[in-house]
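In what follows, subunit A forms one complex with subunit B and a second complex with subunit C.
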Partner chain A sequence: MKTNRILPAIFLYGSLGLILLFTCIPIYLMVKIAFADPGAFMNDQAFEFTFEHLKAVFLSGNLWPALRKSFTVACATAFLSTLIAAPGAYVLAKIPGRTGYFFLMAIFFTRMFPEVGIALPISLNVARLGLFDTDAGLVLAHLIRVLPLVAWVLIGTFKSLPKDIEEAGRMDGCSKAQVLWRIVLPVARPGIMVGLIFGFLNSWDEFIYAAYLSLMNKTLPLTVFYYVNRGGWFLSSMYALIVTIPVLFFTYFFQRYLQSGYLSGAVKG
Partner chain B sequence: MAHLQFRHVAKIYGKGVRAVDGLDFTIPHGEFTVIVGPSGCGKSTVLRMMAGLEDLTEGEFFMDGVVMNPVPPQKRETAMVFQSYALYPHLSVYGNMAFPLKLRKMPKDVIDRRVVDVARSLDLESLLQRMPRELSGGQRQRVALGRAMVREPKVFLFDEPLSNLDAKLRAETRIEIAQLHRRLKTNFVYVTHDQVEAVTMGEKIMVMKDGRLRQYATPGDLMRRPADCFVAGFIGTPPMNFLTMHIEQSKDGLYLTSGRLRIMATPGHVRRLVRYKKNEVIVGIRPKDLYLKRLRDDLKPDEDMQSMAGRFILKESLGDDVLYYLDVSPDFDKKQTMIVKDDAAADADAGEPLDVCVDAKKIYLFDADTEKAIPVQEEGVE
Partner chain C sequence: MKTAKTISFIKKHYFEISLALPLFLYLVLFTYAPVMQVIAMSFDKSGSRPGFVFGFHHYHLIFGHFQFAKAFFNTVFIAVCGLFLELALGLYVAVQLNKRIKFRGMIRSLYILPLGIPTIVAAANMRYIFDTNGFLNSLLMKLNMITLPVDWGGGGFVTLFAVVVADMWKVTPLVMLVLLAGLQNIPEDVYEAARMDGAGPWQTFRHITLPLLKPSITMAVVIRGIDSFRIFELPLVLAGKAEPVLGTFVYAEYHEALNPYTSAAASVILLLLILFCVAAYLSLTGTKDVSYP
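This part shows the complex of A and B:
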C-alpha cells in the first residue's frame, strides 16, 4: 500500500525539481554574471561580488531612455489592447455555439505568421505614417501581437460570467449599459487584470518589432542585445536583470487575480 | 399586487419552434400561482416573458390592464429569484440587497432601513457584511429572496428557487416562502418541475406540457377533476394508473372490461358515458384507491368494490405505506403494470397471483382518443 503514495510523490517532486532546474539555472547565471567581478570570472577563479556593472549601467545614460520607452510602450499597449479587445470579447463570448470560436480562430490567424516575416511590411507602414522610431509606432506594432492574446483571455473571462447575474441586474433595475458598467465590469475585473498583465508583459520583452522600428530610441530588450552584440556580457546581464524585475513585481502583485474562486458565491454552491 | 393577463401568447424560436403556444390566462390580484410541468414544457419561458427577459413572438401580456410587451425588465415592477441565486459576487450581502434601491436613487437612510428590515425578517442581519462566497446555499437563497423583497415589487417571480437546496432546507424554505406570501399578499409566480412543491405551495396551479397550458386550477381541483390524462398522471404521487377498457352494455348495466377485469359502471359513470359514442375509454385509478384483496378480508366485492387479478412484480416501502407493482396485463402481448398503495405489508413472490380491489366510485374516465376527461353531463342541458 505504501508504494501507492510514494510513487506519485516521486513523480511530483521529481518533475517539479526538473522544471525548477531548467527555469532557475538561467536566472541564477544571469544574476551571478550581473554581479560578478570580471577579472575573477573570466579567469575561472572564485566568484567575487561587485556593484561595478550596476554603476556602469546607471552612469552610461543608456538605461533611463530605454526604461522609459519600454515602460511607456508596455503600459500603452496593455491599456489599449484591453480597451479594444474587451467589447469585442464580450460580444464573442455571448455568441452561442461555434461561431464565436470561429471568430477567435480568425483573430489568432494573424499570429500564425512568423513575426520576422511580417515585421518588415508592418514596419514600412508604420514608417509611412511617420511613426518610425517613436513610442506610438511601436505601440501600434505591439497591438498586432498582443490583441489576440488579450481577446482570448477576455473571452474566457466573459464566458465564465453567469448569464443569470446579468439578468438579475436587469430585473433589479439596470439598463443594458448599467449591467455592463455595474455588474459585468466589476465581476470580470480579475480577467481584465490578467489581460492587462498579459498585454504589459508581451510588450515589455518584445524584440522583433522593436528591432525593426527603433533606431535611436531603444527599448530595454534591444539594449540587452546591443551589449551582447558588443561582447558586454556583464552589462548585458545587468540589463537583463533590470528587464526581469518588473515582470517579477507584476506577477507577484497581480497573482491574487489569477487565483480561482473569485466568482464563487454568485451562483449555486 | 397586480392582475396579470396573457392573451394569445406564443414564443417561437429560430426555425418555427413553438416553445410556448396559445397561452390565454388571467391571474388575479395577490395569487400564489405555481407553473408546473416536465422540463422543456415552456414554464420558464412564461416566467421570463413576465419578467421581460424574453420577448413575446405573438400575443400580449397585460399587467393591471397595461400592455407590457414594450416595457424593458428594469421598468417592470417585478422581482425575480433565480434558481442559481445569481448574487453579485463583488458585493456584500448588504450591497446585494441595497443594489436595486441604489439604482432607484433612494436616499441612503431609506435604503439602510429597508435592507435592515428585510434582513431581520429573513434572519440575515448578522450576515450583512459577508460576501456571497462566504455563505451557505440556504443563506444565499435567502439573500436572493431579500434582494427581491427590498424593492417591494408588485410581482415576485421564482424560477425553481429550491432545486439547489437539500431536502430538509427545501421543506423549510417552502414554508418560509408560503408564509412570506401570506404576509406580503402580492402576486407570486413560482415555476417548478416538482408537483409536490406545486401542490403544497400554490393557491392555483398551471400545468403545462409541450408549450401549452393543460389546466389552470386549484390543487384540489387538479386532483379531483384533472382535465386530461397528462394532468391526472402528473399530479399526485405515485402516479395514476391508466387502463384502456371496453365499454360493454349488458342487460344488468354498463360494464368496463379489460381482459380479466370487469368494473360495473356506477350511475355517475353511466350519466357521463351517455354521449360518449366510442367503445373504448381510458380509465384512471389512483394507487390509493386500489387495495390488495388479501389484506382486506372485510371488503366484500359489491357494486363499488370490484376485484381484478394481477401478478406481483415487486414492492417498494415508503415507510408508512407500501407500493405494490402488479402486472395486470389482460393478455400476454400487452404489458400493463399497476401500482397499488396500501398501508399494510404483504409478502409475495414474484409472479404470485394477487387480487386487487378497485373502488369503482373513484375511477376517472378519459376519452380514448383525445385523452381529455369525459365531462359530467349537466342535467337539463341539451
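This part shows the complex of A and C:
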C-alpha cells in the first residue's frame, strides 16, 4: 500500500529535480567562470575565486561606452514607447467588435515579420538620415520591436479598468482629456510601470537591430557576442553576467506585476 | 455623402484619433513600410542601379546558393522539434506545479530563471556547455560514455541538437507559465465531476484537461512558433556557418556577402514561411480568432 504512494513521489521530485538541474547549470557555470582563477580552472583543479576578470573588464575601456549606450538607449526606448503606446492603447481598448480586432491584429501582425528583414531597410534608411551608429538611430529601431509589445500589455491594462469611473468623470463635467489625465492614468499606473519595465528590458537585451546599426559604438549584448566569438571564456562570462544582472533584478522583484505581460507573450526568445 | 460621414466621425472623435495616431503612424512608417521596402528590394532586378526592374534574379541566386536549402530545412527542423519538446516539457512541469506539491513556490521561481537571462547570454552560457572542451564533453568523458570529445559546433545532427536544447532551456519556462495560467483557469468542480464518474488520472487528463487547455496551447504555439522561426542569436553563436538557419543566412548575405538584395529575398522567404505556418496551424485546429489574454 505504501509503495504505491512513494514511487510516484520519487518519480515526481526526481524528474523536477533533474529539470531544475538542467535549468540552473548554465547560470551556475556563467557565474563560476566569471570568478574562476584561470590557472586552476584550465587544469581542472578545485575552484579558486578571483576578481581578476571583473578588474580586467572594468579597466579595459570596453565596458563603459557599451554600458552607457545600452543604458541610454534602453531608458529612452522605455520612455518613448510608453509615451506613444499608452494613449494608443487607451483608445484601442475602447474600440469594440471587428474594428477593434482589426487594429489589434495590425499590432500583432508586426510580430510575424522577421527582424533580420526589417533591420536591413531600417539600417539603410537610418544611414540616410545620418543616424547610423548613434544612440538616436538605435532608439528609432528599438521602438519597432518594443512599441507593439508595450501597446499589447497596456491594452490589457486599460481593458481591465472599470468603465464606470470614466462615465462618472464625464458626468461631473470633465473633458475627455481631463478624464484620461486625472482619472484613467492614475488608476492605470501599475500597468504603465509594467510597460516601462518591458520597454527597458526588451531594448536592453536586443541584439539584431544593434548588430545592423552599430559599427564602433557597440551595445552590451554586442560586446558579449564579440568576446564569445573571440573565444575567451572568462571575459565573455563576466560581460554576460553584467548584462544579466539588471534583467534578473527586474524579473525577480517585479515578478508579480510582469506576469501578465509574460502571459500575453510580451517577452521574446 | 460618405465624406460627410467621415468628417462628422472625425469631428466627433478627433481626441481619440489624435491619441492613437502616433502609434499607428510609427507602425506604418517604421514597420509596414520597411517590410514593403524589403519585398520591393527582393524583386528589384536592377540592384543598386537607379530605377526598378521587376525580376526574380535574386531569388534565382539564393535558390542556387549551396547553404540556402540547408538553412531552410534547419529552420523548420529546429522550430518543429523545439516547439514539440517545449510544449511537452512545459506541459509536464505546469501540470505538476498545478498540484499542491511541496516546495511549489521555490520550484516555480527557480524554473523561470531563464526568463531573466538575455538571449545572447543564454547563447554564451550554452557555449560553455557545448564547446569542444566544454562542460558536457568533460562530463561525458568522466562517465566514460565517449572517448573523443564531440564537436558540437561542427555541423550535422549534434549541432542542431545543441541549438534545440539551448532554445528549450530559454523558452520552456515561458510556455510553462502560459499553460500553468490556463490550467489554473480550469474550475475544480470539473475534475470532481470526472472523479465521481469514475475517470482515472489519464482519462481526466486526456478528455478534460487537454480540451479545456486548448486556447492556452494555441496561444503558446502561435506566439512561440513565430519566434522559433525567427531564431537568430542561439544558432549564430552555437552553429555559426556549419548549420545556418534562415535568420543567420539573411544576416550573412548582408554582412559577409555584402548583398542586400539576396538578403532581402531570403527574409521574404522567411516571412512567407511564418505566415504559411501560422495560417496552416490556425486552420488545422479550427481556431477562428487568436484569443486575447
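In this text, the second predicted complex is superposed on the first by the 224 of 269 C-alpha atoms of A that agree within 3 Å, B and C clash if a C-alpha of one lies under 4 Å from a C-alpha of the other, contacts with A are read in each partner's own complex, and residues count from 1 in each chain.
Quick note on the criterion: contacts are C-beta pairs under 8 Å (C-beta built on N, C-alpha and C of every residue); 3 or more make two chains touch, one makes a residue touch a chain.
In this text the structure is predicted, and so the values were computed from the model without any measurement.
A.B. asks: Using the touch definition from the top, say if A:E167 reaches subunit B (first), subunit C (second), both or neither.
C.D. replies: Touch status of A:E167: first partner only.
A.B. asks: Which partner, subunit B or subunit C, is in contact with more residues of subunit A?
C.D. replies: C
A.B. asks: Thinking of the overlay built on chain A, is A:L124 touched by subunit B (first), by subunit C (second), by both, or by neither?
C.D. replies: second
A.B. asks: Report for A:Y252: first if it touches subunit B alone, second if subunit C alone, otherwise both or neither.
C.D. replies: second
A.B. asks: Quick one: is A:G191 in contact with subunit B, with subunit C, with both, or with neither? Answer first, second, both or neither.
C.D. replies: Neither partner.
A.B. asks: State which residues of subunit A lie in both footprints, the one left by subunit B and the one left by subunit C.
C.D. replies: 262-265, 267-269
A.B. asks: Could you list, by residue number, the parts of subunit B that touch subunit A in their complex?
C.D. replies: Its residues touching subunit A are 51-53, 72-74, 78-80, 82-90, 99-100, 103-104, 131-137, 140, 147, 151, 164.
A.B. asks: For the complex, which residues does subunit C have touching subunit A?
C.D. replies: Checking each residue of subunit C against subunit A gives 15-17, 19-20, 22-24, 26-27, 30-32, 34-35, 37-38, 41, 89, 92-93, 96, 101, 107, 109-129, 135, 138, 167, 169-171, 173-174, 177-178, 181, 219, 223-224, 226-233, 236-237, 246-247, 250-251, 254-255, 260, 263-264, 267-268, 270-271, 274-275, 278, 289-290, 292-293.
A.B. asks: So in the complex, the part of subunit A that touches subunit C is made up of which residues?
C.D. replies: Touching subunit C: residues 12, 15-16, 19-20, 22-27, 29-30, 33, 44, 84-85, 87-92, 94, 101, 103-108, 110-118, 120-122, 124-125, 140, 143-144, 147-148, 151, 156, 176-177, 180, 204-205, 207-208, 211-212, 221, 224-225, 228-229, 233, 236-237, 240, 243-244, 247-248, 250-252, 255, 259-260, 262-265, 267-269 of subunit A.
A.B. asks: Spell out the part of subunit A that touches subunit B in their complex, as residue ranges.
C.D. replies: For subunit A paired with subunit B, touching residues are 162, 164-165, 167-175, 178, 182-183, 186-187, 189, 261-269.
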